[in-house]
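Structures follow.
Note that subunit A is present in both complexes that follow, paired respectively with subunit B and with subunit C.
And then the complex of A and B:
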C-alpha cells in the first residue's frame, strides 16, 4: 500500500467506527450545546460587546474540543489496539490520519455550534468570509496540537484532567489571536486590514504540523 | 575548590546587593522602584535560560535515550519554574508601582504566565506517567513542543498588541534602556552574578537529583 492509502485506511477505520456508534460526535456535540445553553441562558440572550462575544465563543469551542479530541488515541490504548496500529502503519501515517479524523470531528462540531451561537446570542456577523477563515485556520492549529498531546496523554494516568492542562499553554497563541480575529469579524469595518492575524494562525498551524510529525515518532514507538 | 567558588559567588552577590541599593542612583521618573530592575530582569533572564537548557537536554533525551540527560532536563525545568515565579511576583509588584495595577494582561504578562503554565503542566505530566522510560520520553516531547511554540508568544504576540512593558534587553533598536553609567554597571554585574548562581545551583541540584533517583531505584 502506498503512503497516502495507509493514511486513508486510518481515517476510514475511525470513520466506520464513528458511523456505527456515533460516540465522539454525539458526546462532543451534546457537551458543546450544553455549554452554549449555559452561556446563553445565564446572559439572557444579549451581549453587545463583540470582543466578549468572540471570547465566549472560543471558550465554548475550546472546552468542547477538549472533550472530543483526545478520544482518538485513548480508545486505541484502552482497547489494546495501539500495537496493531504500530505494526501496520508508520508513525507519520498514523499521525496525519488521526489529525484528519479530529479535523473532521471539529469541523462538524463548529458547523453546528457557530451558527447556533450567532442565533442564540444575537450576534451580528458582518464578515462571513473572514469569520470562516479564522475558525478554519484556528481549528487546524488546535487539531494538530491536540492530536499529538492526546497520544501523549493516552499513555498517562488521570487523562481527563491532565489533557486540557497540557494543551492550554501550548494553544495560548492560537486562542489569543483567534479571539481577536473573530471579534474583528463581528464588528470592525474592514477586518481584512488585519489579515496578518490569519497569517499568524497559518504559520502556527504549519509549525505545529512540522514539529508534531517529527515528535510523534517518539510518542508512538515503543 | 567548591568552597572557593561558593565564597566567591557569595561575595559577588553581596556586591550586587550593595550596588543595587547603594551604588546605583534611582532612575529618572521611576524613583526608588527602579532598583527592582537589578532583580527582576536577571531573574526573568535566568528562567528563560533554564527553559532553553531544559529544551536542549530534552532533545538529547530523544536522541540518546539516557536518563542522565533527563535528570538535567528536569532539574533545569524545576529551577526555571521557581525563577519564573520570582519574575512574575517581582513583575507584578513593579506593575503596581508604575502602572498602578498588579495585573492587566500585558503581552509580557501573558508570555510569562504561559511559561509558568508550561512548567507546571510539564511536572503534571511527569507525575502522571509511571514507567520511567516512557516518562522521560513523553516529558521530553512536551518540553520540545512547548519550545517550538514559545517564539510565537515571545516575539510575535507582543508586536500585535500594544505593550506598556519597556523594551527588553534584546530589542529592535539595539539600544540599551539604561541611561546612567552606574546603573549599567550594576545591571550587568547583577546579570552575570545571577547567571553564575544559576550554573552553580544547577550543578548542585543535578547531583542531588541523581542521588534521589538512585535511592528510588532508578538506574542512573
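And then the complex of A and C:
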C-alpha cells in the first residue's frame, strides 16, 4: 500500500472524528464570526486604508486559527491515542496527514471569513486572483508551522497560552508579508509588480514543510 | 520475528530510579511475565520494549528476517495492548481497525478482523462508536486492535483487566493459540495472566 494511502488513513480518521465530535470547527468558526461582528459593528465602513483593512483581516484569521489548529495533536494527547499513532504510523505520515487536516480546516475558515469580511467592512477587492493566491500561500505556511508547534505544545501543561506565544514569532514574517500582499490586492493598481511577496510566501511554506517533516520525527518520539 | 533482546535496560524519571540493569531475551514461542508491585516499572519496561519511550540506559533490539534494529523499525511485527495505548472513541471497531490497517500499510484482512470480533463477542457492536462500550468491551477491543495485523510478537499490559470471566477465558484461549508461533511479554499483577508465561522477570520497587 502506498505512502499516500497511509496519509489518507490519518486524514480520514481525523475527518470522521471531527464530523462526530466537532473538536475544532465549531470553536474556530464561532470565534471568527464573533470577531467579525465586533469589528464590523464597531468600525463598519470607516476603515478605508487598505493596509489597515488587510491587517484587521489577518488578525482575525491568525487568532481564529490559533483556536482550532493545535487541537489536532492536543486531542490525541488528551485522549491517550498519541501512543497508538506512535505505534502504527511513521512520523512523516502523521505530520503530512495532520497538516492536510489543518489545511482543510483553515481553508474552510478562510472561505467563510474572507467574503464576510469584505462584505461587512465594505472592502474594495480589486484583484481577486492576487488575493486568493496570497491567502492560499500564507495559509499553507501558517498551517505547516502551527501543526509542527502544536505537536510540541500538546505535551505541555500550559498549552493554551504557550501555543500563540510560541507560534507568533515564527509566523511573524508570514503575517507581515500577508498583510502587505493583501493590502495590495485590495487597492494597488498593479499588485503583480509585487509578486516577490508571493514568492516569499511560497518559499516560506516550502521551507516550513521540508524543515517540519525532518523536525517532526524528534517531536513525535518521546 | 526471531527474538527480542533486552540488554541492561534502566529507566530514570528525573532523580527517581525506576529500575536498572534489566536483561532478558524472548525467542519465538517464548513468553515472559513482567511481575511486580504497583510503581515497580512493569508498564514502563513494556513501553520501552515497544519503542514508545526511551530507556535511560541499555538497549532493546528486535531480530526478524535476518535483520536487527530498534522496535520502531519493526512496527508491523508486534502488537501492543496497554492502558496508555487507546483507540478512537468516536469511531466504530470497524473504522478503528481500518485506520490501523491502512496506517500500517497493510492490505485488507476483514475476514480475520471479523473472526476476532466474533471470538470476543463484539460482532453486533462492530459499527457502534466505542465510546458507548463498557470498560470490559473496550479492553477486548484494544486486544483485537493489537492482534488484527497478525503480529509475531505481543506486548500486553494487564490484558484482561475489566473483563468478565468469559472474556478472560476467551483471551486465555486466544493467547494459548497464538503462543507457539509468537513472542509474548505480559506486564501484570494477575496470577492467571502470569500463568500464561514460562518465565517471570520480577521487578522491585
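Here, the second predicted complex is superposed on the first by the 218 of 222 C-alpha atoms of A that agree within 3 Å, B and C clash if a C-alpha of one lies under 4 Å from a C-alpha of the other, contacts with A are read in each partner's own complex, and residues count from 1 in each chain.
Following the convention adopted for this analysis, a residue touches a chain if its C-beta (ideal position, glycine included) is under 8 Å from a C-beta of that chain, and two chains touch if they have at least 3 such contacts.
Not measured: the values here are computed from a predicted model.
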Side-by-side fit of subunit B and subunit C on subunit A, or clash: fit
Which superposed partner A:158 touches (first subunit B, second subunit C, both, neither): first
First, second, both or neither for A:10, with subunit B first and subunit C second: second
Partner chain in contact with A:218 - subunit B first, subunit C second, else both or neither: first
Which superposed partner A:170 touches (first subunit B, second subunit C, both, neither): first
Subunit B and subunit C, minimum CA distance [Å, superposed model]: 5
Interfacial residue positions of subunit A with respect to subunit C in the complex: 1-3, 5-6, 8-10, 12-13, 16-17, 20-21, 79-81, 83-89, 93, 221-222
For the subunit C and subunit A complex, residues of the former touching the latter: 47, 50-54, 72, 75, 80, 82-91, 95, 98-100, 102-107, 129, 145
Residue numbers on subunit A that touch subunit B, as the complex places them: 145, 148-149, 152, 155-159, 162, 165-166, 168-170, 172-173, 176-177, 180, 196-197, 200, 203-204, 207-208, 211-212, 215, 218-219
Subunit A-facing residues of subunit B, complex: 62, 110, 114, 117-118, 120-121, 124-125, 128-130, 134, 137-138, 140-142, 144-146, 148-149, 152-153, 156-157, 160
